[in-house]
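Below is the structure I would like to discuss, written out as structure tokens.
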């Protein structure tokens, strides 16, 4: 049974026409853009475009473009972790990026992507928050701002990629007398792990990696798996239902594709 | 004896059966809402949302008077509509009506016909899945209630129950509440008859039907 | 949060901090129909969690432009009360966390509610966490399923939900608050009971692939236990035929 929910209602008729065409071609094992089912679009990462932030990166997967900037501030630590630094992620789905994004306070989609990226980075323990301690009641706070600049499908993976790349670019600022000296840096952040996510949608019994906007729009079952080199570090299922076997298969794909992208990121 | 309760997703029969509040995957039919299996092993829903069907008798209240007709609250997400050209009587805001469903379109808009206005009284909400139990076999339960409460009662398929002013309201409300909670039990009419007998003594004679236009 | 792992001992002599075995659920009690004004309602007490859920609808969709002529819209609002945790009085109203949880809970029920029957309407699921003790999202889903059944909203399946996690290097079922906060990993799941599909799947912390597979199996067994309690609560409510006063 066809079920389309939420903001998808707006282009329901288009979606239904596309769904038929897309399902027909996909059932023959062919994607609109000629990719294989487990193939990503071309990936490009550019580090350090924003000079006013301590670290930044723009990641492109196909036409989807996400900017992440990392900025430090002195903040109060959480009461239950007085010696640990703070990491805050926030995502903006800019209305410039897609006709379906609206301006205004963050909606559930932008909150979700920010929280998924945050979960992946935090679980992977790629940032040593203990090194962020300054003095009593003062720690460094790392703000990760995720700006989706163009949405042509799969902004989640692009955002995680940009965030990890931004952390690779980040330099910890010099702190003197409990204040940050802007423009001077103590050392690079050097993330120990490189967490990445792989988003998949389900076609029949197969997983389709890195869905384009059209594929996202018509295929409901979405699964995002975050990986580091050895571990699964985050999972988020969107719409739809999946079985245990499908999950096992998805994890295998996520590790393979994650390793591919990690090579791009390192090299 | 209590009957077996079935939950949503539970199999109720082999093969495909076309019944409301069920769904089928081709090889078997499953319950979509909580219900029970009756003596003949048929599925009877215990809770449902009323789905208007052409020919159903429904009770409602006029909520809007417009040029083309009247809007009627029917315990549905959207009200039913009585086109002015179809009826002779003039209705007013707040009038209680009993009518038949003339047509339902695919998005659930309801057109009503065969409208009768009900005199002063009260409307209460009753779960539409349990309406058959409130009426009883050959109206046995409904007649029992009418006799004991001393007034007129109208039950709509949509779950709205109209009671005339003459009814013994406290007794009626109490009894209806019991019927609602025990709808899945067998021998309910006898149980209610006993209960009413204890409250009010012997069953009174049928009263004269009230006038309604 | 995995960054505090090891600071609190979570497994002592093979038992958990609250004395449970690895695959034991905390006490779970479900009451049906506790909000008579709602179309359907449920109250769940799961360990220290106290959650009420009310379901309304299908009713007129507001705002109108959200409505679909093809099906009913499922809406979900999960909210944590400001007094729900032992820590400070939190800000009331939606937080980023509750917004995300509302979304994932909604996406669980979009899979099971037969929405095509009610065009141009919405079904509201309101979940209020009165007292929180770890695993509120799974308890909320468990409550909402019962409330939807109580409301008579057609569903393809019953949904049960439980979290599996890793605490003190051991895989454990149904995390309590300490295990949730100081454990290594948390993986809340919800499963449909007829066809055993995962409807909710989230995860944080570090796990190997084999651990994930093992945990899905644990969740499947846990969900069956949860579903048995849901079923008996509904049967008790509908068989008894008498109102009972709920003890909070």
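Points to keep in mind about this one:
The first chain written gets the first letter, and so on, giving A, B and C; residue counts start at 1 in each chain.
Keep this in mind: a contact is a pair of C-beta atoms (placed from the backbone, for glycine too) under 8 Å apart; a residue touches a chain by one contact, two chains touch by 3 or more.
Because the structure is predicted, anything quoted here is derived from the model rather than measured.
Closest to the protein's overall CA centre, chain by chain, comes C. Note: the chain lying farthest from chain A is B, by mean C-alpha position. Note on chain placement: the centre of chain A and the centre of chain C lie 26 Å apart, centres being C-alpha means. Centre-to-centre separation between chain B and chain C, using Cα means, comes to 34 Å.
The mean-CA centres of chain A and chain B are about 53 angstrom from one another, to the nearest whole unit.
For chain C, the set of residues touching two or more other chains reads 192. Looking at chain A, one finds that none of its residues touch two or more other chains.
None of the residues of chain B touches two or more other chains. Of all the residues in chain C, the ones that touch chain A in their complex are 1-4, 66, 68, 70-71, 73-74, 87, 96-97, 99-100, 102-104, 107, 110-111, 115-116, 185, 187, 192, 195-209, 212-213, 216-217, 220. Those residues of chain C lying in contact with chain B across their complex are 39-40, 57-61, 69, 112, 114, 117-121, 149-158, 192-194, 231, 234-235, 238-239, 241-243.
Interface residues of chain B, counted against chain C in their complex, comprise 2, 5, 7-9, 21, 23, 30, 32-34, 36, 45-49, 51, 77-78, 106-108, 127, 129, 181-182, 184-185.
Listing the residues of chain A that touch chain C in their complex gives 1-6, 9, 12, 79-81, 84, 106, 108-109, 111-112, 114-115, 119, 122-125, 129, 223, 228, 230-244, 247-248, 251-252, 255.
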